[in-house]
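Chain IDs A, B and C follow the sequence of writing; residue 1 opens each chain.
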């Protein structure tokens, strides 16, 4: 009897390492200070955002420079639900997901009429439209934005420390769930189709994979996750404005650089990329626009000379995988079975 | 008295990725000579021409044109040195008219006898259709245009890749009938052909390729049918 | 009458949008490359003109004599040195490299010039107006700029269809390998196309800078306007692009008249509507 095995030796090690890391991170509120928690929470949101962008671009071949549309949408949904409809902030985060997905459906229907780089710019237009619409909503601060009222903030938890712990764990949970969902997707039948699309779209189509449908589903699911992350981000920031909610720099440029440098098309890429990105930010802090300039230059260099990113180079040289995502056919003989 | 060959290919190997298409192929052609390269599909004939024209770089061996090494030179450089290719399938530029296709053949500015007027003289039907978009022409007319386009570069060596492909026999004979006119200024020709009879009629020397190797070579009028069949099919 | 004025203004700015679009659509036609840094290069041209007018003391229109060749040279070097390396079957490298370039240009300009808003002074023609009819006015500057846009597009058409360089562009766009067989060095052809694109960008940038305030961050919006004009007009047709620019300009003008906050939104909505109903554009000639 043959079956598909996903694990490799390095991925078994990887799973152990990640599990240990997770335990450490869950306990962070007990060993880390306030700044560390904020930094870690920020890193978790970027890992999640980058992993979702990686799924879109690296696997489904949909390069979007407009994911900030859904980040901002999630943020505004949080404020709208919590302020105008008295929904508990955490519940608002959970509701933002499905609403984001619903909004993504007509958006995808429109955007899929464009191809390649034109699709990319089209997604940017959508983000601009969302930004302009948001600045028309005076109930949510219009063009200058609005802060989360104290009543909503307190509804989360009575003390500031409790709130910070809550947000930290929410960020960690969201990142883990999203990454877990991506791994599960990639291990499934649809994931195999996605990998085929990533490797060669035309061939994938010719062997009967419904490329359009899969891309559509991936786009909608990515919007689902991105909207939830957006809601969480702005819950942490406590203030929203159209320019910050739909900022290309914050939610797209950094995400793209993280994924490119870490490794597109590999699930470990965004994780590695986020670590590098934040390490650089800590050491090169206060450089402002020079930092973005540098990141842009590094991304270009990586794209031209190491297109698989840092993790791509490592995994090619050493054959490592941090997560069990390989597919290997194992026959009865190998498992020592009788059949 | 032996002339210095115009083109000399010394034991080249050619690869498509990991797949080897040519194994130690050697060939030479003198000025004003017509050499035919025949062989079954996949034998490596087009690969050979592409290697000469600079579209592919051989992994081993040498290609010498007029005594200079050309292997490794990119295609646009090879053209400027005097080798022009009439590609398989014609491959005229669809966005250009017939005349524009011819003009672009001459854009390298190599001096020589071939001009637009001269090409129209050779193929009058092209003059009638000069402002039509290239795809509007029939197969035979497109082939003439492709040859004319290559001639506009005033080459010393013309490579013709399967010019009879997909054309009616009468059209093929018509085109081949103009070979003497084409060669009148001292051009050499390498023709790759599946139509063996036509190849033997038009050329003085024949090479037969079989699975990437030269299986037979010799004067066109001295090779027997049997030896050609044997070499062609590898029987 | 007021609406007629509004529409007229929209038509005239459509000319500027068409210039934004022309450079974009030109390089897409020749090498299937979309330059995400396109808008930022327009802004770069504006800043170069600013430097030239401030240091040499000439007016912005005359600065074109320096800015256009400078940008063309930059375009050639950029394509030859960087962008040629990204061309191939994979769509990610050119997209991500030009995106990186966009970020670099924006932040470079920010570091060098700060975020302060600037404007180029062109003198009297900025305020000159002509009266066409009772209540119908047309500014000298917008009129000149529209005329320039038409000249640029006509010029590009002539170049593409009546010159050897244009033949080389079309041949290379059709079939790169056979173009090489004709003796065309495609690296050079692509670089010439980019040089041409940046020359057009230079003209557009200078006129933009005379017309409105500019700062390092306005690039992406110009890219979007150019892109929308191309899609509305239809790929592969320069005059279609002019029509697309005009439609966009008029939509924005009408939107602004209804409510100033609706100016940009109106343009985007018209774009999305056309994308929904006629995705190939109004006057398409090639497929994307």
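FYI, a contact is a pair of C-beta atoms (placed from the backbone, for glycine too) under 8 Å apart; a residue touches a chain by one contact, two chains touch by 3 or more.
Since this is a predicted model, take the numbers as computed values, not measurements.
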item	value
Intersection of contact partners for subunit A and subunit C	none
Chain whose mean Cα position lies farthest from subunit C	B
Innermost chain, where centres are averages of C-alpha coordinates	C
Whole-Å separation of chain centres (CA-atom averages), subunit A against subunit C	33
Between subunit A and subunit B, centroid-to-centroid distance (C-alpha), Å	55
Chain centre separation in whole Å, for subunit C relative to subunit B (CA means)	44
List of subunit C residues in touch with subunit A within their complex	33-34, 36, 82, 85-86, 90-97, 99-104, 106-108, 110-111, 220-221, 223-224, 227-228, 231, 261, 264-265, 268-269, 271-272, 275-276, 279, 288
Subunit C-touching residues of subunit B, taken from the complex the two chains share	53-55, 74-76, 79-80, 84-85, 87, 91, 93-96, 100, 103-105, 107-108, 149, 153
Of subunit C, residues touching subunit B in the complex	164, 167-168, 170-171, 173-175, 177-186
Contact footprint of subunit C on subunit A as seen in their complex	57, 61, 63, 65, 110, 113-118, 120-122, 124-125, 128-129, 132-133, 135-136, 143, 248-249, 253, 256-257, 260, 264, 289-290, 292-293, 295-297, 299-300, 303-304, 307
